[in-house]
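Look at the two complexes coming up: chain A is in both, with chain B in one and chain C in the other.
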Partner chain A sequence: MFRDIRQRLAASVVTIVLASFVSFVVLRALPGDPARLIAGPLAGQETIEATRRGLGLDEPFFAQYGLFLWDFVRGDWGYSFSVGEQVRTALTSRLAATFELALYAFLLAIVGALVCASVASFRPGLRRGLVRLFALVGLGSPPFWVGLVLIVVFSAQLGWWPGPSGRLSPQLVPPPSVTGFHTIDFALQGDIIGVSDSAAHLVLPVLSLALLPWAFLTRLLTANMADTAVQPYILVVRSKGVAAWPTHVRHVLANSLLPTVSSCGLILATMITGSVLVETVFNWPGVGAMLTEGISSQDFALVQSFILLSAILYVIGNLVGDAVNRMIDARLRTSGAAQ
Partner chain B sequence: MTQSATVVNVDGLRVAYGGTEVVHGVSFQLRRGSRLGVVGESGSGKSTIARAILGLLPSEGRVTDGRITLLGTDVVQRTDKEMNDLRGRVVSLVFQDPLTSLDPVKRIGKQIAEVIVQHDKKLPRPEVRKRCVTLLNEVGVNDAERRLEQYPHEISGGMRQRVLIAIAIANQPDVLIADEPTTALDVTTQAQVLDLLKTTADRHGMSVILVTHDLGVVAEFCDEVVVMKTGEIVETGTARQLFSAPREDYTRHLLDCIPRAGDRRPGPEFDYQVETEPVVRVTGLRKQYGRTTVLEDVDLAIHARETVGIVGESGAGKSTLARTIIRLETPSGGTVELAGADFGRARSKRLRELRRDIQMVFQDPFSSLDPHMQIQDIVAQPLIVHGLADRAAARTRAAAMLDGMGLGTEYLERVPRNLSGGQRQRVAIARALILGPALTVLDEPISALDVSVRAQVLDLLREEQLALGTAYLFIVHDLAVARYFCDRIAVLFEGRIVEYGTPEDLFENPVHPHTKRLLGAIPDPWRNN
Partner chain C sequence: MAVTVTAAPTMASRRPWPRIITIIVLAAYLTLAIAGIFVQDQSNVADVTNTLQQPSAEHLLGTDGEGRDVLTRVAVGAGISIMLAAISVVLGSVGGLIVALACGLGARWLDRVLMAPMNAVLAFPQLLLTMAIAIALGTGLQSAVIGIVVTIIPVFAVTLRGEALRSRSEAFVEAAITIGLPRWRIALRHVVPYLGTTMTIQVAANFGNAVITLAALSYIGVGARPPTAEWGAMINDGLQHAVSGQWWVGVAPGLALLGLVIAVNILTDQIRARRSADA
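This part shows the complex of A and B:
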């Protein structure tokens, strides 16, 4: 089993390095010259050469790559000329906003999927039809469009929740950052108004970001639960006199979680890195807007660091998913014994 | 008749799945303290009846007519909620396959406790635990305290079936329904489990309904028998009468399908006087997984037209031996020679050439055929893969092969799910034999089939052997079948061949104690009756 873990870790490191290398190559293959962009259209050849030297772009390719990795590990992620800040400060301050959005959306998606799938697979008929419809709509509509519709209906028409106005109403001052999550930081301050205001700002973006994975997980889990429900051991449980619904939750659900959990880690990572469009729609001060700007202005330092971070997130998500699976299913813990 | 004499009364029962009726008016009684066998082949409706008595038909199934009376109350009219109170307390189930009948992610202790707590919610936890230990001790599971903490995959199949029996008898129900309780077990474990069922039922005064396809098991276990075919009862009677003087043709046919002592497959006996070079010679074969040795020092020589049987309990290494010989597993030591060539160590191109001469037929024809391919293509594929024929020629040869096996042109374009179990296994045999291999490994080729189909498939295998001259390595757990079909039998025990000889030697003068134990465990319908 320890050998197994060592192998997994080694494979993870290889994945991360490969991802960073590919992003490094692709960024440099794009047309355009960052030195020219920084120095401006009127700068002479000498200025551009100087800028290029300053950026380290005159070094051989692999030296550049090695330097980038080494600096990243040391915590020096470079300077972002498109933001005008150190990449690390720029990313971390904005990542907190993205994390808050993504984590709440993730929780909503999982809890929502657990409930919907349990109900849908329990009795065929109307409920299954409804959930299927919901899953199709959720899977068929792009999150940014859902966001726009939600804004039109719940913010502009009904006025229930705030629209695209960022994380807080303008009159409120952000709380001192402890976790970076406004809802939690306000709660730590005992500021009820702050908690409710930041929570209200979260409702619509969380909903639009959660809908797709919610629908996806519902479908996956419903299918698994339908398969599990006809297994012999479920009949045996019923023959003990256990009623249908408790059997469904205790045994069918528990046995159907494995594939879902594996995909959860990846889904969380996708939400963090893929919330760009939703953030743009809701004017959310996350990494999304900064990143799009960084890509169009060939801000190597910013984009590379972000891709490397994403790769690390994916790998961690995957590892955590597997670890949770091992906790649920004892068969995965005894190496080699399970067939 | 007083109610105490009859515990289960099934009267004119009709069950339909969707619009199709599968049980057509079945009536029988189970008397208190007796053991009733319900026998039939797949599709006879026997399992459906068992589930109907529990009120647990599949969601599309429905009782359309008739009554099931359990201790004087009607099951069919009761709500699911009312039935929950009866299930596990008055009537309980021991289900088919112990490998899939326990929840894989829950500890054994929790699964036993579930049925106790369900019917006595106030029982304190230490008390529940104590009862779980007592139950495990009663069903003969050693080291009970530790077992409670284990998961199903950590214990053997026989032990899992014991745990299932412990669950079923936990609340001392009046009626125990056992649906094929021993089908997935080897003969010695089967004998132990049947014995356990019998003694616990006697001790607690339980009545048992045993649903099975195996007449041997019925003979060992039941006082009364109901024979079923396609949803109807063919014959009812005491076990003694059924085996000594069956009234109906169908019952007689089922009995005829069990190979008896003295029955022998058609064709000439293999002549061991004539010295010939064996097609396969296995010498000192060893297989290890990590530090566990599964096969140790196995020697075998198999000649053309010869059938060598491998018998043994589950876990003896039968399947590993088969898989190592055809090199689905790499041997850890020893050699496998195929017509003089070193098959055990051959690589890449040479290995692929040699593979042509060694084929395999798997146990389960439901999962060993690609569900999306037409059967003609399934049989033609080996020819194409080995470059022996182009697609058109391969298909023609496949058609001819299938035709010779009783699957005419109307079958060629079907996919496996539109064939019966026996037909599928014929396809699997055709696929293995179309290359005319020197050796075919048959891994329990008939144990997933219905009794009446088994004989046909064995006959087919024999015909093809006589025609093609193939040698068979026949992995089999049913010793009666081994005696009927094999030229020599090797008894495998803990990875070693402990006895090797002709069926006659083995059955008349078994030497090794393990062989004697195996032979003693065979259920024989004619021994007592």
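This part shows the complex of A and C:
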């Protein structure tokens, strides 16, 4: 088993190196002067020359790539002129906002998918049709448009939750950062108003970010549950006198969870990318919104670091999902060792 | 076996309506897109006296912040989305097919050399890589299409490669090898038709994704340049009017997109169901 894990880790490292190469090639080896792009549109001639030397752009191609990797590992991700900060400080200081959004959306997607799939696969009929329609709509809607519709309905028309106004109402002071999650930090302070205000600001962004993975997992899980429900051992459980719904949850659902679990790590990682599309809609002060600004101001140092960072998160998410799957399913462990 | 087939007809043949409705909807979108070609000139005509008009008999979907007719722009956007998504998927599928044939039927070393970059691309979140490529190539629909094609090729390559490898042990391919046909001829005349259904399913599945990705790229500002009537760009434009109650500016293009993607996805499911019924 350990050899197997070591192999997976090695494969992940190779993937990350390849990813770093792609992000390097994509953003440096293309037409245009990288020194000018990295120094920014307002930089003078000397600055550009200095940047060129500083970046080692007079070095051979692979030396440049090595330098880029080394700088990234050391934590020197360059200077972002659009934010006016070191890229690393800029990204890490906004990561908590993105993680808070992504984590709640992730939880909603999983719980929602469990409920929807259980209901949909229980018995055919209207409910199954409704859940199927939900999955189709969820998979077909771009997250930023979902955000827009939610703002129109729940913020502009009904006024239930705040629209595009960031993480907090302007009159509130952000809590002292312990976890970086406003909801939890306010709760640690015992500040009820703060908790409810930050939670209200989370509702619509979380919904827009969660809809896609929610629909995806619902579809996956419903299909798996439909397959499991016709297995002979389910018939055995039923014939022993267990009622339909308990059988459905305890036996059908439990035995259909594996593909969902293995896709979870990946989904959590994809939501970091998804946040790029959702955060701008709600003026959410996370890394996604910052990336969009970086794109419009051609801030390549920022964009490049974000891309590499997301690729790493993506690989880690994949790895964790896989490891959890192996922990749950003994069959995967033995088949892995046999190879 | 024939008796069971007649006794238990497949879902698809028992209920023809979903398929007919899907085809009607897709035909409607094509009509809308063609109509869009004829009204293209009017899609960017600003009318400052007529901004943000509610949907009415004169403007069925209202007007946007510059007084442009939203329906006209949605129609033009339909043409842009359908055409560019189709181009991306066709280029991506042909590219992926070539790689898959070379990997599945060629030498072992060729397989290794070609699959390494494919797997590297797949290791990225798809949308992120598309964005990276489009950003690097500069704003414009052309870069968006290139970005989508590059990320679609490996998807096709990996799926079709598996099938191509399987085809090698099929009797008709072995027979073709035995009678000494050249490799390229086996690939084109025998293996490509074998890959047909898988390819159709992948094309349909990736078409919907391409439509969404294109809109997403334009939304974040690396796809269509304003004032192009692209759906994602229109949604971005509608965002500033969402809070103040002019919902139609942003909702209309998104609904159009959603309808198209749902129709295509249902069609994909139907093709899939049909294949598993055949098998």
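Rule of thumb we're sticking to: the second predicted complex is superposed on the first by the 306 of 339 C-alpha atoms of A that agree within 3 Å, B and C clash if a C-alpha of one lies under 4 Å from a C-alpha of the other, contacts with A are read in each partner's own complex, and residues count from 1 in each chain.
Going forward, contacts are C-beta pairs under 8 Å (C-beta built on N, C-alpha and C of every residue); 3 or more make two chains touch, one makes a residue touch a chain.
This structure is a prediction, so every number in the text was calculated from the model and none was measured.
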Chain B and chain C placed together on chain A: clash or fit? clash
First, second, both or neither for A:251, with chain B first and chain C second: first
Based on the superposed arrangement, let me know which partner A:155 touches: chain B (first), chain C (second), both, or neither? second
Does chain B (first) or chain C (second) touch A:141, or do both, or does neither?
second
Quick one: classify A:54 as touching chain B (first), chain C (second), both or neither.
neither
_Just to be sure I read the superposition right, which of the two partners does A:269 touch: chain B = first, chain C = second, or both, or neither?_
second
Comparing chain B and chain C in the superposed model, the one touching more of chain A is C
Which partner chains sit in contact with A:235 here, chain B, chain C, both or neither? Use first/second/both/neither.
first
Re chain B stretches 148-156, 220-228, 328-336 or 382-390: the one overlapping chain C is 382-390
The residues of chain A that touch chain B in their complex are 124, 230-233, 235-244, 251, 254-255, 328-331, 334, 336-338
Given the complex, residues on chain C that touch chain A span 116, 119-121, 123-125, 127-129, 131-133, 135-137, 208, 212, 215-216, 219-222, 232, 235-236, 238-239, 242-245, 247, 250-251, 254, 257-258, 261-262, 265-266
Counting only contacts in the complex, chain B reaches chain A at residues 51, 54, 56, 58-59, 80-81, 84-89, 92-93, 95-97, 100-106, 114-115, 118-119, 151, 153-154, 164, 167-168, 289-290
Chain C partner, complex, touching residues on chain A are 15, 18-19, 21-23, 26-27, 30, 136-137, 139-142, 144-145, 148-149, 151-152, 155-157, 163-164, 269-270, 272-274, 276-277, 280-281, 292, 295-296, 303, 307, 310-311, 314-315
